[in-house]
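Given below, in the form of C-alpha cells, are the structures.
One chain, chain A, appears in both complexes that follow, with chain B as partner in the first and chain C in the second.
Presenting the complex of A and B:
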C-alpha cells in the first residue's frame, strides 16, 4: 500500500535550486565586485532548512499512517525506458529513507550555518556554498531515490561534490591530488555498483526496476545471481564508505575545509554504503554468504582504522580514521543482518562525529590552521564551549553509557554475539577499547595539560556564536539520540528498530538476558580500560613522540598508500607511457607505416627513371610505341 | 517544401560551398556565408527533429527518384530512429565552428560547407550507391582541410589518413558491388536499395569477405582498434574546427554505417563475429584511454580520449540487445556534444596562448571561471556522470554488455575508472594549481563565445536529466533492428526451429 505525494520531489530540488542560484551569482560576479557573504550565507542556508522542514513533514505524515502503509512515493517523470528496462525519476519515502532524510537535512542545515562562521573571509565563499548545496541535493536524491539507478545519480553526485570540496583550496597540488584520489577510488567502487545493478536488472528487473517491485520479485532471484549482485553492490559500498581495500581516500580527503569533513566525510555521504546494504536487505537477507563477507570486511576495517587512529598526530586524521573505524562497525551490523542496528549507528554517529569534526574545526580556527595535536595543549580554559561539547562527543564516540554511541554500538555487538559471530564480537570489543583510547588521547592532549605552543595558545579564542550554537545542538543530539532505541533490558522500547521494520527484511535475534549482559559488560569494560590508559599516558606532560620503529610503521598506516602506489598507480602510468611511446608507433601503427614506406620506395624507383629530360622521355616514347605497335600488329594477325 | 527537407539540408551547404570556391569572396565574407548557411541548416534540422515521430520505427521524410533504372540505382533518402540523432548532430553543431574560429583562407569555409552537406547526405541515404557517393564526397574536404590548413606536421598526418581511407573505401565499394550482383543473382533484378539487401540470405566465404570489407571500412572511420592509428595524428594536426567535425560527427557516421548496413545485411556473419568485434571495442577503449594518460599535448590527449570513447560506443552495437544498441545511438549524440565542447574550448586556449602543452597551463579556473565551468560540465559528461548526457548511453551499453558477456562487461566498465584518471589529471594541471605565466593575460570567455557554447552545455544537462523524448524517437527503430539479429542468434543457439530448405529469414517475418 503506497501513497503518492508530490512534495517529495521538492526535498532534493530545493538545495539543488539553491546551488544553481548561488553558482550563477558566483560565476557572474567572481571577476568583479563580489556579493557580500551575508547574502551568500542566507541564500545558502534557505534550501537546507526548508528541506529539513519538509523532511519533518514527511516523517510526521508517515507516522500518522499504519505501520504497513508507510510508503510515500512520487514519480516525477519517466527517466528512460528501453525494452524491459523502465527507469523513473521517482522518490520513495519509507521509514528507512525518512529517518535518513531527517538527520541528513538536520545535520546538513547545522553545518551550513556553522560554515558561515568558519568560511568567513574566504574569497570563494559563494562557490563553497554552491558546492555545499549541490552536495545536499545529491545526498537527498541518493536517500530518496525509489530505485537503484536514481540512487546512483545521488551516489555519483555526492562523489563529485566530495571531489570539488576536497580540492577546494586548489592552489595546492596536494589538495587536488587528494580530490582526484577520492574520485578515482570511488569510481572503482562505482564500477561494482553499475555491474551489480546490471546483474540485478537481468535477474529480476524486467517487472519494474524500483525497490518496491524488486522486493516483490526478490524470490525469483537465483542464488548465484543474488550472490553476484550482493558482492558487486558491496564493492560500491566499500568505495563510498571507505572500507578495506578502498578506504585509502578518506584520510586524504581531510584536505578539504573542516565543515566538509564533518558533513560529507563523517555524517552523511560516507554512510551511503551502509544505507545501500540496508536498502537492499531484501536481497542480502537471502544471501548469508554475502552478509558474512560484509561483516568481516567491516570489522577488520574497524580494527585496522582504529590502529591507525591511535598513532596519528593530525587532529583531523585521527577523526578520519575514527570514521573509517565506525563505518566498519556499521557494516559489521548490517553484515550480520542487524540492519536496524547498523542504521541506528549511522544515525547516532552523524551527531557525535559531526560534533567532533566541527569542534576540531573550532580548535583549528582558533590556532590559525594548526592541525597537529602536539602543538596544542591546555586549550580547555581558552575554548570552554568547544571543550565541553567535544568532551560529550568524545564520550559518545568512545562508547560511554548512556551516550548515543554506546547504545548504538552495543546493539551491533550484541547482534553479532546473538547470531553466533563470536569472532566479530570479540574484535568489536577490542576496537571499542581502542576507540576509547584514541578518542581520549586526542582530547587530553589538545585540551588538558599545559600549552605546547605558548604563542598560539595566547592568541586562541573561542569561536563566534554562529559556530558554537551548532556545536551545542549537536552535543544535545549526542547525549539524547541514543534514547530513541533503548533496548528492552534497560526498559526501553527500541523505537527506531520498530520504526524501521517495514523497510527491512530482518529477524531480530533472541540471545537471552545472559548474552545481553555479557555484551554490555564487555563494552563497558573495554571503554573503562581504554580511557584509563589514555588518562595515565596523556594527562601528564607529554611531548610529540619520535616517530620510530613500530610507532613510525603505524603512523605511516603500514605503508599501504605506498604499496598501492607501487603496485597499481606506477604500473598504470608506465602502461600509458609504454603504449604511447613504444606500442603505438612501433607495433600497432607498423602496417600503416610499412605501406607508406612501400609507397615511398616505389616513388624512389620511379624517380630513377623519371629524371625530367625531354630526350629520355623521347626514348621511352619510342620504346612504348614500338611495343604497342608490335602488340597491335600481332593481334591483327590473328 | 518540407517533403524535400532532407535534400535541401544536403544541397544548400554543398552548393554554397561550391559557390564560395568559385566566387572571389573575401575570407570574412566566406565566413558569413558559412554561418548563414549553417544557421539555416540548424533551423531545418530542428524542424526535422521535432516533426520526426519515430513511433513506427520506419523511415520518415522519404524521398525517392530513380537515377539509373537499369541498374536500380536511386536517389532515395529517409530518416528513422537509427539516423535521426546522427543527422541532428550533423545539422546542429556547425554554427559554433564559424562563430568561434578565424582561419587562414576562404577555401577552408568552402570545405566546411561541403563536408556538412555530404555528411547529412551519407546519413540520410538509403541506397547504397548513393551512400557511397556521399561518403566519398564527405572525405575529400577532410584531406584538404588537414593538408592545406593543418598544423606543422600536417603532411604525414594527411598521408596516413589518406592511405587508411582509400583502403577502406575500396573495400566498401567492392562489397557494395558484390551485394548488387548477389541481389541480381537471387532475384533477377538490379537494385542497390538497403531494404532489398537486408532481405537477401548471404552465405559462403564471399559473403564473409564482403562483410569484412564493410566492417573494415567502418572500423577505420569509427575508429575501432587496431585501425585507429590515423586518429591521433589527424586530430592533432587538423585545425580545431576540423577536429571538431571529425570527432563530433564523422566518427559517428562510421558507427551509424555498421548499424544501418552491416547488421541487417550481414546478420549471420555479424552474429558470428560479434564477440571478436566487441573485444576489439573494449581493447580499443582501454588501450587509447591508458595512452591518453601519457600525452603531453592537450589536443592529442583529447584525441585519444575520443578514440577511447568510440570503443565503448561501438561495443554497444556488438552486444546485440536493445538496451546496448539504444545506448549506442544515444551516446552518439552525447559524445558529440561533450567531446565537441572539449575540442572547441581547447581550440580557444590554443588560439590565445599558442600552446597545447599541458605543462604550460595551470590555475585557469581562477582566471577564467566560466571557461572552467563549461569545460568541467563537458568533462563530467565525458566521464559519464549521471545528470549529464554521458551517463545514459554508457549505462545502457554496460547494462547490455552484462547480458551479452559478463566478462566483456567488466572490462568495458573500467571505462568509468580509466576516463576519470586522465581527465582529472588534465583538469588538475590546466585548471587547478598555481596560475602559470603563460596564462597571465588570459581573459574569460567573451559574451559571444558564451552564447555560442552555452546551448550545447545546456543540451548536455538536458539530455542527462530528461532523455526520454530522445529515446522515444530512437527506440522503436532499434527494436526492429534487433529483432533480426535476435532471430539469428536463437537459430544459432537452437532455441527455435532451424529454417527449412527454401525458407528465408525475412525482416517481415518478425
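Presenting the complex of A and C:
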C-alpha cells in the first residue's frame, strides 16, 4: 500500500536549485564586484532549512499512517526504458529514508549556518556554499531515490562534491592530491556498486527495478547471485563509507574546510554505505555469509582505525579516524542483521560527530588554523562554550551513559552478542575502551593543563554566535538523541527500531536479561578504563612524545598508505609509463602517424602548382576551361 | 559577315586573357576582365542578329548589369588591397603559395 505525494520531489530539488543559483551568482561575479557574504549565506541556508521543514512534514505524514502503509512515493518522470529495464526518476519516503532525511537535513542545515561564521572572509565564499548545497542535494537524492539507479545518481553526486570540497583550498597542491585520492578510491568502490546493480538486475530486475518491486521479488534470487550482489554492493559501501581496504581516503579528506569534514562525516557521504546495506536488507537477510563478511570487515576497521586514532596529533585526523572506527561499528551492526541498530548509530553519530567537528573547527579558528593538539592546551577558560559542547560530544562518542552514543553502540554490541558473534562483541568492547581513551586524550590535551603555545593562547577567543548556536543545538541532540531508542531494560520502548520495522527485514534477537546486563556492563567498564588511562596520562603536563619504534609505526598508520603506494599505485604508474613510452608511440600511434605522413607526401607533389600568384591561377583556369569546352564541343559533334 | 564580328570577339577575348595573365597591376587585370566580358557581349549580339532572335540582346544587357555590379565590388576590393599593402602589384598578394 503506497501513497503518492508530489512535494517529495522538492526536498532534493531545493538545495540543488540553491546550488544552481549560488553557482551562477558566483560565476557572474568572478571578475568584477563581489556580492556580499550575507546574501550568499542567506541564500545558501534557505534551501537546506526548507528541505528540513519538508522532511519534517514527510515524517509526520508517515506517522499519521498505519505502520504497514508508511510508504509515500512520487514518480517525477520516466528516465529511460530499455527492454525490461524501466527506470523512472522516482522518490520513496518510508520509515528508513524519512529518518535519514530528517537528520541529514537537520544536521546539514546547522552546518550550513555554522559555515557562515567559519568561512567569513574567504574569497570563494559563494563557491563554497554552492558546493555545499549541491552536496546536500545529492545526498537527498541518494536517500530518497526509489531504486538503485536513482540512488546511484546521488551516490556519484556526493562523490563528486566530496572531491570538489576536499580540494577546496586548491592553492595548495597537497589538498588537490587529497581530493583526487578521495575521488579515485571512491571510483573503485563505485565499480563494485555498478556491478552489483547489474547482477541484481540480472537476477530479479525484470519485474521492476525499484526497492518495493525488488523486495517483493527478493525470494526469487538464487543463492550464488544473491551472494555476488551482496559482496559487490558492499565493495561500493567500503569505498563510500571508508572501510577496509578503501578507508585511506577519509583521513586525507581533512584537507577540506572543517564544515565540509563535518558534513562528510556526519550527515552525508560516509553514512551512505550503511544506509545502502540497510536499504537492501531484504537481500542481505537471505545471505548470512555476506552479513558475516560485512560484520567482520566492519569490526576490524573499527579496531584498526581506533589504533590509528590513539596516536594521531592532528585534531581533525583524530576525529577522522574515530569516524572510520564508528562506521566500522555500524557495519558490524548491519552485518549481524541488526539493521535498525546500525541505522540508529548512524543517527546518533550524526549529532555528536558533527558537534565534535564543528567544535574542532571553532578551536582551529580560535588558534588561527593550528591543528596540532600538541600546540594547544588549557583552552577550557578561553573557549567555554566550545569546551562544554565538545565535552558532551566526546562523552557521547566515548559511550558514556546516558549519552546518545552509549545507547546506540550498546545496541549494536548487544545484537552481536545475542546473535552469537562473541568475537565481534569482544573486539567491539575493546574498541569502545580505545574510543574513550583517544577521545579524552584529545579533550584533555586541548582543553586542560597549561598552554603549550603561550602566544596562540593569548590571542584565542570564543567564536561568534552563528557558530556557537549550532554547537549548542547539536550538544542537545547528542544528549537526547539516544532517548529515541531506549532499550527495554531501562524501561524504554525502542521507538526507532519499531519505527524502522516496515522498511527492514530483520529479526530482533532475544538473548535474555543476562546477556543484556553483560553487554552493558562490559561497555561501561571499557569506557571507565579508557577514560581513566587518558585522565592519568594527559591531565598532567605532557609534551609531544617522541615517535619511536611501535609508536612511530602506529603514528604512521602502519604505513598502509605507503604499502598501497608501492603495491598498487607504483606498479600502475610504471605500467602507465611503459605504455606511454613504448606501446603508444610505436604500436598504436605509428600507423596513424604513417597514414598522415603518406598524405603529406602526396600533398608535396601537388604543392608545386600552388605558386600563389593570381596570374598563374588564371592560366590554370584558361587551360582548364579550354580543355572542357573542347570536350563539350567534341561530344556535341560540331 | 557574322564571322568578322565573331573574329573580333575572339581577338578581344584573347587580348583580355593575355592582359590577365601577363600584367601585374591589379587595375590592368581588372580592365582586362572587363574587356573579356565585352568580347562575350559582342559575340552574343552578333549571333542574336544572325538568328533574328532577341535572346542574345537580353543576355548582353544582363552581362552589362552584372559587370557594373562587379565593377563596384572589385573597385572596393582594390581600395582595401591598397590600404592593406600600400601597393597594387599582384605578386605581393601570394598568401595561397603552397
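Heads up, the rule we're going with is that the second predicted complex is superposed on the first by the 582 of 638 C-alpha atoms of A that agree within 3 Å, B and C clash if a C-alpha of one lies under 4 Å from a C-alpha of the other, contacts with A are read in each partner's own complex, and residues count from 1 in each chain.
As a convention for this text, a residue touches a chain if its C-beta (ideal position, glycine included) is under 8 Å from a C-beta of that chain, and two chains touch if they have at least 3 such contacts.
Given the structure is predicted, the values throughout are model-derived calculations rather than measurements.
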Report task. Report for A:622: first if it touches chain B alone, second if chain C alone, otherwise both or neither. Result -> second
Report task. Quick one: classify A:42 as touching chain B (first), chain C (second), both or neither. Result -> neither
Query - First, second, both or neither for A:594, with chain B first and chain C second - result: neither
Query raised in the report: Does chain B (first) or chain C (second) touch A:488, or do both, or does neither?
Result: neither
Requested in this report: Return first, second, both or neither, reflecting whether A:613 touches chain B, chain C, both chains, or no partner chain.
Outcome: second
**Report entry** chain A residues touched by each partner, larger count belonging to chain B or chain C
**Finding:** B
**Report entry** Partner chain(s) touched by A:198 [first = chain B, second = chain C, both, neither]
**Finding:** first
Query raised in the report: Touching A:79 in the superposition: chain B (first), chain C (second), both, neither?
Result: first
Report task. Take the contacts of chain A with chain B and those with chain C, and give the residues found in both. Result -> none
Report task. Within their complex, state which residues of chain B touch chain A. Result -> 159-160, 163-164, 226, 228-230, 232, 287, 290-295, 304, 321-323, 326-327, 363, 365, 369-370, 373, 380, 385-387, 391-392, 395-396, 398-399, 401-403, 406, 409-410, 413-414, 416-417, 420-421, 424-425, 428, 431-434, 444, 465-468, 471, 475, 478-479
Query raised in the report: Which of the residues in chain C end up touching chain A in this complex?
Result: 17, 20-24, 29, 90-91, 93-98
Report task. Sort out for me which residues of chain A touch chain C in the complex. Result -> 606-615, 617-619, 622
**Report entry** Interfacial residue positions of chain A with respect to chain B in the complex
**Finding:** 26-27, 30-31, 77-83, 85, 89, 149, 152-153, 156-157, 160, 163, 167, 170-173, 176-177, 179-180, 183-184, 187-188, 190-191, 194-195, 197-199, 201-202, 572-573, 575-577, 579-581, 583-584, 588-589, 592, 595-596, 599
